[in-house]
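Each structure below appears as structure tokens.
First chain A sits with chain B, and in the next complex the same chain sits with chain C.
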Partner chain A sequence: MMPRAKLKAQKVEAAGALLAGRELPAGGAWITKARTAAAARVASMGLPSKRDEYWRYTDPRRLTAPAPEAAKLHVTDDEAPLFDGFDRLKLVFVDGVFDAQASDALALPGVEICTLADAARTDLHWARDLFGALEARGQAPVERSLASLNTAHATEGLLIRITATPPKPIALVYRRANLAGDAMVHHVIRVEGGAEATILENGPMAARFNQVTEVDIADGATLHHIRAQGRDHERAGITHLFAKLGAGAQLKSFTLSANGALVRNEAVIWLDGAEGSAHIAGATVGDGAFHHDDTVFVTHGAPRCESRQVFKKVLRHGAVGVFQGKILVDQIAQLTDGYQISQSLLLDEDAQFLAKPELEIYADDVKCSHGSTSGEIDHNQLFYLRARGVPEDRAKMLLVLAFLSEALEEIADPAYADDLRDRLESWFKRRS
Partner chain B sequence: MLQINNLHCELEDDSEVKILKGLSLTINAGEVHAIMGPNGSGKSTLSYVLSGRDGYTVTDGSATLEGADLLEMEPEERAAAGLFLAFQYPVEIPGVGNMTFLRTAVNAQRKARGEEELSAGDFLKLVRAKAKELQIDADMLKRPVNVGFSGGEKKRNEILQMAMLEPKMCILDETDSGLDVDAMKLVSDGVNALRDAGRSFLVITHYQRLLNHIKPDVVHIMSEGRIIKTGGPELALEVEENGYADLLAEAAA
Partner chain C sequence: MAALDEVQLREGVDRETVETVQSMAGTYKHGWETEIEMEFAPKGLNEDIVRLISEKNKEPEWLLEWRLDAYRRWLSMESPDWAMLNIPEIDYQEQYYYAKPKSMAEKPKSLDDVDPKLLETYAKLGIPLKEQMLLAGVEGADEPRKVAVDAVFDSVSLGTTFQKELAAAGVIFCSISEAVQKHPELVKKYLGSVVPQNDNYFAALNSAVFSDGSFVYIPAGTRCPMELSTYFRINAENTGQFERTLIVAEKGSYVSYLEGCTAPKRDTNQLHAAVVEIVILEDAEVKYSTVQNWFPGDENGKGGIYNFVTKRADCREARAKVMWTQVETGSAITWKYPSCILRGDEAQGEFYSIAIANNWQQADTGTKMVHLGKNTRSRIVSKGISAGHAQNTYRGLVSMHPKASNSRNYTQCDSLLIGDKCGAHTVPYIEVRNASSRVEHEATTSKVDDDQLFYCRSRGMDEEEAVALVVNGFCKEVLQELPMEFAMEAQALVAISLEGSVG
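The block that comes next holds the complex of A and B.
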């Protein structure tokens, strides 16, 4: 094994090489301060390496390489875009660049929205307390330097402040036009006390993407986050969701990942106030050259909070699924209710699921459980369905969708879950 | 209706284990036949081989349903052809609603037979009426298939599926196991309501008790993979009184 100091030196050197000659984007005082601090974090942490314990199952080289690999554009005109049927505020990004022409006006009752580019030109902005701040907090106990890289260099994104429950969801729609787009997008979302909002994200961001979303959910506020990461096969990307929750605050985040050569979604959640609740869920379907990594870190930092992590992966033809999930319970966090389940359904012998569930508990009166399983389609269930006349393909699809449904059930509004379920059904039909 | 001729089968994974050893049986349309026999005689295996479960190799003999070769068909084709197996241990399927399961099955069979699929409205009306007769409430229809169902609920759910699918040939594999007296009555009434000149039944059971409720036309005694004796309902009573020992000895002699 490589000595630590040598590995660190290599990582720092790689960061230096990547950033050499790259100037920080110009901006007002508040953002320049945040970017400068983030750039210093990248320089001192270095870039992630396959030799890092945290990157043991996923090779970060495609994410850290100086230039992205090209990724074919996937034509998806065989189905209407997801969430098209919903009344929503639609905000479009093309290859990670905000497209005002294609978007609705940045106006919604109860919501202040501004692009990162516009906010960066001002000297003072409400987001100054959050932008880069949650990302910086997320650097311990595990380093996530690609998120710092994003804070330092992202010029695109939205700053969304929800002061009162808006009448409709805010939908971020990602489209690709460039074969080798390299997107860096940074959103900040603050939900003020008592408000409840829904953020939808849909589509492939770019051939390569690095997305950071910093979320602050104030006391008694609720955020629903439903994300689907597109259908193109060759894309590579990493996303970080950093979210802190106040007392009685709720976060429900669900991600559907289909296809994608290399995608890692990290969620770093802090339950800072008593009786907060965070549900992080994901459904993943991979067929062929596919590597998907869900890495979740939930910290219970206050008493009587509840957290759930529900991740389901269906894999075949060499697809690889990774789950790293941790629940950390601070000493103060008595009466914590923590739950974590990660399961994979391997449709053939070539598929692979790697799971690392972890609990670290310092309080003495808590209820925490975790489970991880890997299996194939249940033959008894399959025969039962077939014996009732359901053809084999259809029976398998029913069982696969049933397997994924526990994750979909984490979505509060069944209308969104139904839309996603239809997409999953189509996904399997295209392959059967 | 169902014609089984000299059927031989062994375990797919272990050809040394022969289970059916020359079983022959003919069930005419409208008849109810019962098969009784000691543990390990091959009764459940017969039901699995007829319905197409993996794990068995048929080495000789034939089985036809209205002249069509059952053994050549996939399980779903057998179902569409009119064969129904009420499972001894109905399978739990978390994540699939009972109603979705029923509608998928009914429409898959109709489609396979070239019939039009039932509309959502017609299906709902039908399932509600049939469920009511079996005292299956709306909650049981909504829950995932058999998940959290009691033994009696699972068996009632099997009969509901049978009532919805309207098969020609029904095989009941130890439908009485795990049932209390009231549940047995309910299940039997459900079966009897389906008795019809065009529909046949093969009732596999350990006990004569069920046959008080579902009156068979013919009773077969099975042992070591073959039918060793065939008679009327009185044969079941004889077993109830004296056990299998005399019959087995008689067959061996």
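The block that comes next holds the complex of A and C.
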């Protein structure tokens, strides 16, 4: 075991080396203040290390290396992009850079949108109290220095303020053109009291990406977040979703992830107001050299809130699935209802599932439970279908889809869930 | 819970518990001290102390080297910080590492020669050191149950009962210091083979300074004719206890081993860092039960034992089986993870635990199930209860290695909170590296059910009785795995530990 002081010194040194000679992007006073503070956080925390307990199951080196590894482009011409059939406000990023030409105009009733690049040039912006602030709050009790790195250096992203329920969803579409793109994207979303909005995200962002999304959901507001990270076999990336919820606010976030050399999706959720509700769900399909990590931290900081974490992973051919989830219930958060389930289906001997589902509870009148299972396809279920004349491949596919469905059911609007389910089915048909 | 279950709660075990609670006025009944002249090694820890302990035990050269090696490794290690424990800095130079009653200067030939004061201590604790005596609470049984006892007082073993009868069966049950003299080849072969010296900080410390503990050897094909038991008593002030227990179960053998421990009430904290190693060969089975009742500190969190324990069973060969059962009610700080290495094919490991933390106690305890062999099975049932200002954490690992095909694990950990100033936490690690194994983990956290309390209260129980009863029901799955002698004590302890936590 390396002494703790030495490990810390190594991490700090690695951060220093990475940032040496790297100037902070230019901008107005508010953003410069946020970036400077974030850069100081990176310098004092250092970069994550495989020896950190928090990175026990995922090696962060591809994310912290000075330059990204090249990743072959994955051609998906044979299928229409997800959510294409929906009426939406489409905003396109190519290799993590906003593409105004390919995007719709930044106008939607009830919504104020501007790019981070434009906002950075202003002296004052509504996002000043949120940009980097939620990320900074998310540095305890565990350090997430890659998110601070993003706050300090990201120049791309969107600042979205929803003042009234918009008529259609806002769709962020990521495309990749570069073999070795290194994207840093930082979004801020604020949903004002009583409004309800849907944010869609789709596509592979870049060969390597570091995305931070800070979300503030005011009292009584609702945000639906549906993300499909696309098929992209060699990419590596990390995303952080920091969300705080006011009284009676709701968040429903769902992520579909398929393949990729390394993807870590972190969600850090604070239920700050009474009777808030946060549902974080994910479905993962891994085939081959694939490492997928869902790390979720939900803090109940007010009474009578509800949270659900539902994560399902189907893995084969050496794919590794990781789930680290936590429900923390503060002393004040009486009558909490917390639920967490993480399950994996291992389709062959090479797949791995590594999980750390945690509860940390300081209030006595709560109902919290978690479950985690791992195993192969249930032979009895398979036998049942086979006995009814379903061919083995089809029977297996049906069982895998049924397994993933529990996570898809966390999506409120069944139209999106169906779109994702159809896509999964077409992938399985092609692969099997 | 169905009404039927509640009726069952009322009948059977729980009535006894409630009566036991009523019969005991104090909260920690083993808090008295035996006044006796002691011989101490000089305070502090250095190589000379390690040499002194080795010399006192008349150890061979290899063991001294083994200890010194451990000590040097310990110096380069750091105290672990990952547990959810707030451990004040421990000054290892402010402790005594060896304390022995003066009357034990010459080793008594039999228990009859032991200082009566010491024997009284055990009588007062209810531990029978006379062979005709039986453990309290089991009188009236059809056939008297015999339990052989090794009594460890601070750093030395006073003696072991039923030695002759055990020897006739080929069983070796003695203190580890005696085993070093009489069975050096066995000790040399197995010592450190399950928990190596540098396994962790506290295991390294123990390896350097362990003074006594028990040694058990069950020969092939032997079913140990009685239950074996070791009773640990810390008595001297500012003295750490560092016992080391080694159990070897040869092919096809069986033994049930019980361990109990208490300490006087003191304002200062005392250190206890033990190591238990169990080697289980083909078809053998070991059942290890602990009732840990070290002084937990007073209601303001003053005093109490710091309990850092490494316990591990190595199921080396096919169909070896181990079962850990623990009732953890004592200690100011508990850091303890009895583990099972399921190396042989079809090996089995079981872990049943009740951890109760009240007042300012902190417990971080659980198990590791490391599945290496094919078709291995493990089961974990953990019940954590927090009251007062206490923090109680279940921490466990279930690891299915790539070659451990067709293995199974089932884990259930439930936490109960009594009062809104305490905490209950669950930190499981689940690592599945092959597809044919199945792992299931479930955990719940809740408070004492109001409906169940109401049910009891409406039948005339006062609140404290009612809580004791519901809690005992919550713990039932674990309590029923304990040997009878311990089950009685454990049930009483569950109620006592929670006294004063209601209202």
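A few points about this structure:
Going forward, the second predicted complex is superposed on the first by the 432 of 432 C-alpha atoms of A that agree within 3 Å, B and C clash if a C-alpha of one lies under 4 Å from a C-alpha of the other, contacts with A are read in each partner's own complex, and residues count from 1 in each chain.
Methods note: a residue touches a chain if its C-beta (ideal position, glycine included) is under 8 Å from a C-beta of that chain, and two chains touch if they have at least 3 such contacts.
The shown structure was predicted, so the numbers you read here are calculated from the model rather than taken from an experiment.
In the superposition on chain A, contact is made by A:Glu360 with chain C only, not with chain B. In the overlay built on the shared chain, the residue A:Pro3 is in contact with chain C alone; chain B does not reach it. By the touch criterion defined above, A:Arg386 lies against chain B but remains apart from chain C after alignment on the C-alpha atoms of chain A. Of the two partner chains placed around the shared chain by superposition, neither chain B nor chain C is touched by A:Ile226. By the touch criterion stated above, A:Phe403 is placed in contact with chain B alone, chain C being left untouched.
By the document's definition of touching, of the two partners only chain B reaches A:Arg394; chain C does not. Judged by the touch definition given at the top, the superposed model places A:Ala197 against neither chain B nor chain C. More residues of chain A are in touch with C than with the other of chain B and chain C.
Judged by the document's definition of touching, no chain A residue lies at the interface with chain B and also at the interface with chain C.
Contacts from chain A toward chain B in the complex involve residues 379-381, 383-392, 394-395, 398-399, 401-406. Against chain A, the residues of chain C that register as touching in their complex are 77-78, 81-82, 84, 400, 402, 405, 415, 417-447. Residue ranges on chain B touching chain A, taken from their complex, read 51-54, 74-76, 78-80, 85, 87, 90-96, 100-101, 104-105, 108-109, 112, 144, 161, 165. Residues of chain A touching chain C in their complex: 1, 3-4, 53, 331, 334, 344, 346-376.
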